[in-house]
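What follows is a set of structures for review.
Here come two complexes built around subunit A, the first alongside subunit B, the second alongside subunit C.
Presenting the complex of A and B:
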């Protein structure tokens, strides 16, 4: 690249990206802030354009949001830009290429902060492809972004603390939340009291949601899960069941619960396509997710590339903000050629405490292999390509796939529109649990997380001017 | 030979190793396949699955391709389950001069028995309705076919297992067992595997396996990218490519060459190639290459301009300096056979390669004289 118009390009304008942009600006850098959304906030602070007030009651810590938006005010914003690839190096500069409506944009920068966030992790269950079955994050996004309720009688299920704000939000806006079915037993928190007590705000947040659920008389069940959905054209009911320690259904415990919508979430999967495209080192985190290895300054193994937020390990918005601030500061120093100062003790302590909290959260909310016993051979795993659990198992048992990538290529699970974002985790687990397969490794997850084309781009757009000539 | 020895150890569980294992197991040999990775995890899993006679001028490679395309037709019945599609290839020329060259190439191919149909510009739309109208003409090759390459390898290995073969993935060959000048097995990360014959079917990594046996086989990686579109109703019926592709395949240039190759698949996606460059094992996405591929595809099929690309992948073709594969026994290391270096034609040539190697191991007369592919041909 001949010139780099920006010192720092920040991809992602959620909690981590906003904090990174604000910190990089404070460090004297020229900053580009790029996000697929039309306004800042990411999934966490999602809202309608210019209308945060209408959904303020659904949000947490809006003061932080407003101060980060102010801090990032002087960044050049590329909103509504879907990044399809990143490339380059610290020596030659980086290029972030995105598609926005009808145009392709290339942003050059000396250093990069990637804050891509995460999306709901899904495990398949019978008839989960029925209309009316939503991810917990999807249900919340509709609520925060559009003030739309996914249904009138809603079942919330899965595992993790995120189920609580989703249920509370739905109830606050008038949905009858028939029940929250948490597959784990969060009483296990007691064992992690140390980690939790250090993050009093997080604890208060949880208590607040619990109180909200009690106020709306939402029953909270533990060690129970939604194991099947029922309905002809849309979901009309679900089967919930009690689970044993390994998440196998306790025989005779199944109950049918009527509902017109289901919201399920099993933790989160970090979006790693952009970091992986640059070849950064990764590891498997405590929750089984592939995450980016970063050092004290949120530096990756690739010089000039910083990663902050969920992509370094799912840990929630406050941790993402702390990591973003550290990453933005370091990226600005690198780009402007100033010496890198030690991370301030305040941020170091905060990041450490929040990471301990996240580790405790993952320990209390694991996803156990028993979910695989809920599936029939005809249960869809990959919805885009309509690949069933039986077909994934056949790729392993009959065709000799011993890793997730091979299972994917032999069964087509994960080769459709979503490129495995929905089914990659399930396919990797189904492959790894077969006899003769190794446990899910970083390499396995990398095989289902690499997406050299990070967002669809039309051939004409990709071709550039030459493509338009071809159309004549 | 120790009593627990296999007749044949095949190094490489790609499509060439799979075909070799199948033909050897079918002729009653005990076979063990080892691969340091997974089934079809190397170049096999990164190709389009072409079985082509159209892109080869008369000579040793076309002879091999013709034998192989007949064998694949048989395998589709005997083994099956790998989306064999005899869809035919359509080669198009953009200039009258290019069309002349193409027509004379087709005439020389026809003399060797390849079926060819010259298609004047005005009739191209009957075969491919969405082609740009600005072409000078084309040649249709009804003998070109396609398989899903990973399924092909996996199904052949499964069929070989049904005949007693063993497939051991995640096992890396670290050296060779020797008795005098002869190789008598392989050392692996999971112990020694003695064998009467060892087949080097390690594809792009065939040179490294050969060097473990102390012999030189010059196989080098030649990178290629493929773009994959969203699934669509069938709008591209054949494998369609530009006449320049034939010249690119034969080029000795290390620099980037791209020529448009466009085809639909059973899954509804359209695959777009083909690029060739010698950059070692660099896995980085090259935006320049992707742009060139997209531009050429849109030039051939203007309707594709609005179609979304959802995936891109890259692979490394096992390339030999004279563009011919290495097939046959190695006189420098008796007991060792090579079946590698097929460049971009490995899927297509796999069936013939496996068959010839099995015949050579059995001491039969091979279906084809393998002299042109002999491994020692590169010795100065």
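Presenting the complex of A and C:
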């Protein structure tokens, strides 16, 4: 049943959501904080229920985390609640509907802050569906959230600064990280010295990971990628290869590396289903991700709806915290009918510097189209529906799909359990690469990102049968 | 003495706060599902509830994400074939 409306409902209790909740409370609002996790922190500050002391060494900036948790102490928490839809308007109020076990909850609010975060972006490679191949974030989640190592001999690959803490964390807990394979050249950061210098903490953080990798003798390779996994029922080795500028494999550079686990990540994909359900305006960001358009106050195109963190551009936790504070302040002012003050100069400067850093990160760590040449016709693109690259290409070349949504409808790529969360990006890229197709547009990405039901819910619940026993 | 749940007839230890999927990985179990089309093995991939690769049957309820379900003492966890609803086949 619907509760009496809150002033502000914040969805997501990661860096952005915690900051938004704390700021909205400081602004005098009654705040609901809703998250699928059983405790605050999101993916960035992931930990087991209770204190995160046991994994404190794997975390960064815990002082900020603890102060945000304190700041959000008076929010009404709906933790362990998987939000499956949001609806409403500023005029009529918003409803956030979630499931927690067998129970459904509806939280009403005058304004909404959505801070849904992001997950690892993936590109397919041969046999990437073998057990033992994990996303980089998955390896990190098992470590930080469960204190479990994905393997004893681990290969880390993909692109982006996130590979460093993943490799460092695994090494710190005793895994042998046989190599980090970064597909780009981090030397490219030298061209962005101005963007880095303004956020000194990023330099310190990066240097810390580099030192940790050196201490554990983890080899760091650039312009190289994991292009195939090998094994019958579980991964036993990978092929790594040198890449040219467009990420095609340099012939003769392939090398087989034995391992019992692989962790791969290619940047992040923001979780947009909830903002999209409300019809907010979007754009394609510098990294090729679909993100929400926001203004100075983190306002979306839909009155009363604010978005903060990765969903309005992947940029990391400190940026998410700054955006969350701005969004929470504005959402509280809107809901309580007080005048919206200009964003304080301190926050504006911080957000600008961190966004500049993010832009540099996207420029140094792009995903180049050459990954498509690594695939065999029998390489899976969609893991859920087991749709191969050959089948996606046939939908484009033989059946005439010229956009991602049509390729999805004709091939079933993206129509399974995960609803295209994992393969949506790859399917869009494969479609756009065909002759006669247009480059990946916001509309393409929207077509593979809209999910009217954002979390599993039983048919009985959906039909409003309160007596249903909740089987999914 | 640590807590345990049952997985396909064997006891799997876990510690407080771990998920079913994490406890299985820690016990050296890498896969617990076969796919519907090719019967290929699957286990944890994304680890955060996004990919649905790690589906498992817990206490007779199929299609649970092992990476999200908290491990609990005495739970009966079973590998899952295909859509996990073979018992409904006619």
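The rule is short, and it goes like this: the second predicted complex is superposed on the first by the 459 of 472 C-alpha atoms of A that agree within 3 Å, B and C clash if a C-alpha of one lies under 4 Å from a C-alpha of the other, contacts with A are read in each partner's own complex, and residues count from 1 in each chain.
Throughout what follows, a residue touches a chain if its C-beta (ideal position, glycine included) is under 8 Å from a C-beta of that chain, and two chains touch if they have at least 3 such contacts.
Computed from a predicted structure; not experimentally measured.
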Identify the partner contact of A:452: answer first if only subunit B is touched, second if only subunit C is, both if each is, neither if none is.
first
Taking the superposition as given, does A:417 touch the first partner, subunit B, the second, subunit C, both, or neither?
both
Subunit B versus subunit C as contact partner of A:67, first or second or both or neither:
neither
Contact-wise, after the overlay, does A:142 reach subunit B, subunit C, both or neither (first, second, both, neither)?
second
For A:402, decide between first (touching subunit B), second (touching subunit C), both and neither.
first
With the two structures laid over each other on chain A, which partner does A:277 touch: subunit B (first), subunit C (second), both, or neither?
first
State whether A:463 touches subunit B only (first), subunit C only (second), both chains, or neither.
first
Residues of subunit A contacting subunit B in one complex and subunit C in the other
385, 416-417, 456, 471
Per the contact definition, I'd like the list of subunit B residues that touch subunit A in the complex.
13, 38-41, 45, 132, 150-151, 154-155, 157-158, 167, 169-170, 227, 229-231, 267, 272, 283-285, 287, 290-291, 294-295, 297-299, 302, 304-314
Which residues of subunit A touch subunit C in their complex?
36, 38, 43, 48-50, 119-120, 129-135, 137-142, 145-150, 233-234, 383-386, 416-418, 421-422, 456, 471-472
Residues of subunit C touching subunit A in the complex:
15-19, 21-23, 25-26, 30-31, 35-38, 40-53, 55, 61, 63-64, 67-68, 70
Applying the document's contact rule, which stretches of subunit A touch subunit B when the two form their complex?
85, 87, 95, 97, 277, 279, 385, 395, 398-403, 405-406, 409-410, 412, 415-417, 419, 438, 451-453, 456-460, 462-464, 466-471
